[in-house]
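Residue numbering begins at 1 within each chain, and the chains themselves are lettered A, B, C, D, E and F in the order written.
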Amino acid sequence: MSKLSHYDAKGRARMVDVTAKAPTKRIATARAFVRLSDEVLRALPKNPKGDPLEVARFAGISAAKQTWALIPMCHPLPIGLIDVQARVCDNGVELIGTVSTTAPTGVEMEALTAVSVAALTVYDMCKALDKSIEIGPIVLLEKTGGKSGVFRRRHPAPGPLIRRAK
Amino acid sequence: MSKLSHYDAKGRARMVDVTAKAPTKRIATARAFVRLSDEVLRALPKNPKGDPLEVARFAGISAAKQTWALIPMCHPLPIGLIDVQARVCDNGVELIGTVSTTAPTGVEMEALTAVSVAALTVYDMCKALDKSIEIGPIVLLEKTGGKSGVFRRRHPAPGPLIRRAK
Amino acid sequence: MSKLSHYDAKGRARMVDVTAKAPTKRIATARAFVRLSDEVLRALPKNPKGDPLEVARFAGISAAKQTWALIPMCHPLPIGLIDVQARVCDNGVELIGTVSTTAPTGVEMEALTAVSVAALTVYDMCKALDKSIEIGPIVLLEKTGGKSGVFRRRHPAPGPLIRRAK
Amino acid sequence: MSKLSHYDAKGRARMVDVTAKAPTKRIATARAFVRLSDEVLRALPKNPKGDPLEVARFAGISAAKQTWALIPMCHPLPIGLIDVQARVCDNGVELIGTVSTTAPTGVEMEALTAVSVAALTVYDMCKALDKSIEIGPIVLLEKTGGKSGVFRRRHPAPGPLIRRAK
Amino acid sequence: MSKLSHYDAKGRARMVDVTAKAPTKRIATARAFVRLSDEVLRALPKNPKGDPLEVARFAGISAAKQTWALIPMCHPLPIGLIDVQARVCDNGVELIGTVSTTAPTGVEMEALTAVSVAALTVYDMCKALDKSIEIGPIVLLEKTGGKSGVFRRRHPAPGPLIRRAK
Amino acid sequence: MSKLSHYDAKGRARMVDVTAKAPTKRIATARAFVRLSDEVLRALPKNPKGDPLEVARFAGISAAKQTWALIPMCHPLPIGLIDVQARVCDNGVELIGTVSTTAPTGVEMEALTAVSVAALTVYDMCKALDKSIEIGPIVLLEKTGGKSGVFRRRHPAPGPLIRRAK
């Protein structure tokens, strides 16, 4: 259990101390998938501006800034960039979130929070049509910077099977 | 597109007007699954008090109260109860969130937000061991009360395949 | 000074006590104007979906929900509807915010906060082009419900002089 | 449209990436005016401590710290100083807000948010007497530091016409 | 342990379910004391408007509205009134907070949070002079309404020993 | 009064300007005591994992991150570590909070806020058994770093008289 970074010697949850770590540039990218039925996909606006997905994008950007307030052991961080992209696929909506910082700790949780709240927002916008919409998988795609170095997800999580020609 | 409740006649996102609706009792239950490798499962405390999952439970309860601030078109609501339960399975952690209210609109998003943030917290607590942890599926299991009546998810979403004898 | 509702007998600021007031339906509508130069107006997307204004609309809706946290003597309220509309005029952008509730106190501050933060967001989206953009006037247009009855602004505040044919 | 900093090549709103920018000292000063009738001005406490304006000052200071949460594309920033001054004039109240930071991006939005929420608070404190109070203009007076250099507003916006001898 | 209301049968912390409880009028009053040395008391403004204490009062009022977000098992509630009074005594500052609501659960935590944050603010305003300032006792003085009926503190907690003639 | 750091020359409350100060490492430790009757102490879980105190610990950690939003003149700060420990004593619960940062200003208020909100949470968890629980004293134990140097509390505040053998 000693390897779980958020626990002290007595097994009590705690924050990791980053006071003495120098700030370095860090980037994290996460993905969430929202599986949508054909009916819901048809109801999504067809135009390239993709309004419903705009609401989801803004929600994701705003939520990423609140990550430290949502996740108990996360640190408040300066944020250099939050970007959330939403893409309509054949079987749903794919949300890609990228967060970068110059800070003593990483922004994996910020990227994961961005796409999770964006996905919840897609659910909220579509739930009048279909309450059985399924969110997931939500995964970290990549992370650079920091002591633990580069992480790149090897096995792609299922989700967006076929991309629509748009 | 007219069926998407959060869009007006011009296709602009908007809140649904619930001003004139009478408050009624409503309950919603959602589930999130966090798939964990054997290595991470072994590192989770074995005792029945399940500390790491306690952090996740508190995070989920706190986040549910913030749903209206996270999801753009959600209404601030009185909350009667938020309950988040965490169960260790053979292949990960299952989070069940129940929210109830006496209000003019439902608490599906509150239940989904509770389990989503609880799942993100499980990721955060374990990410030092494994950054490829996958969150999902996140689904609404049941909802009662309100004009649209009872919803019960028919096809169980994959996730917790076999329960551990505990 | 006794007429200023937010002061007690000693002149100290305080909240108005609404504990014993019965909830009734209340609506308030406010307007903010953002004066934009021709250069900035030309740079705003020309398409009818009006993206930059979408960001402003979402910001206004989200901010209205936070009114009680921003304005010291405001009460937390259930919100039935928040609607923010953005219109491009010949000399700028007009933002109209409507908030309704069934509550023991009114939502004037919520409507005013919605359009104020929407206006600040328009400034933020355009400030790279022009830092001298002027926000105002911000006024309450109408308010119904509650003991003080109906208010309708008599003298229209200046701002959107001529509407564009769109 | 390429000049609007908050839009990407596809016209989608996004944050500006400041990850790689070095922190430098930056100051911004904004002004908001609240036009008050003689009746309301007389009801404001006459003493030099100016209580109602104290509430407005605190609200402005607190709101400036929340700018990143209110304005979708704003970055969370360290804040070195927030100062809000309130002055009674012949025709209303003038609010001057100054914010400084050592950060990779500026604090114009923080200064504008400070005076805007201070102005909304003045409205809230006085609305029992007069609901037709008009807020505005809200303008950036000056900004120093950062790549774009010094900005000083050339044409003073109308508002506080004549200062009272106090 | 079954008597601790915030624990379920397995000893896991949870919210109390108030969904089915009818809203009734409830009031709670709490007190906090901040012990100040003569040096700090002399430095506090002598005038009756008591500026430093005004900051504390506003902080207490604002914090009371955030009680549900600060205390994990608290419910978000409509608030009818929050009042915080600050009195200078011979040995410090006494803060009295009263909160009332019409709700299915009480506002004891809101009253206690109001005076606690007001007390922390007094510390913050004075800490340049004296870092050994002691906060406490913080107690509930009285609570009316609700199933458990009236509570009145019998043994007055120590703190403000002698009131100044003011 | 000139020594009260949060007041300007006119006696108006203001933030201290830290824009030009270099960030240095700073640590602060605070303590809060919650006096509990024997009845309540017996009802607290006896096991070493101390559940009810876990809720208090999480609440304290989360609240410390919100200090800048709760205390009007506090600066938003990067946080390196927040740690809250809870110990059962013969006459109550002792909460020790430590916060560290690399910042231009100190974290005394963060440490004090952590233990204060943790103490309020202990009250909330136990109030069904005893509403006369007394919180306090809350004191700063130690502070290092920054221009004013080291502070160590000389006279221990009363509270945890006898430690239990655990």
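Observations on the model:
Just so we're on the same page, a residue touches a chain if its C-beta (ideal position, glycine included) is under 8 Å from a C-beta of that chain, and two chains touch if they have at least 3 such contacts.
Keep in mind that this is a model prediction, so the values were computed, not measured.
More than half of the residue-numbered contact pairs at C-E reappear in one of the options E-F, A-F or A-C, namely A-F.
By number of C-beta pairs in contact, A-B leads over the other of A-B and B-F. One inter-chain figure worth recording: subunit B and subunit C are separated by 33 Å, centre to centre, where each centre is the mean of the chain's CA atoms. If each chain is reduced to the centroid of its CA atoms, subunit C and subunit D end up 16 Å from each other. Of all residues in subunit A, those that touch two or more other chains are 11-13, 49, 51, 54-55, 58, 62, 66, 72-73, 76-78. Of all residues in subunit C, only 1, 3-7, 11-13, 32-33, 43-45, 51-52, 54-55, 58-59, 62-63, 66, 70-74, 108-109, 112-113, 116-117, 119-121, 123-129, 131-140, 143, 151, 153-155, 157 touch subunit D in the complex they form. Subunit D contributes residues 11-21, 68-69, 72-73, 75-78, 103-104 to its touches with subunit A in the complex.
Interface residues of subunit D, counted against subunit E in their complex, comprise 47, 49, 51, 54-55, 58, 62. By the touch criterion given at the top, residues 25, 27, 49, 54, 57-58, 61-62, 65-66, 76-83, 85, 100-102 of subunit E touch subunit C in their complex.
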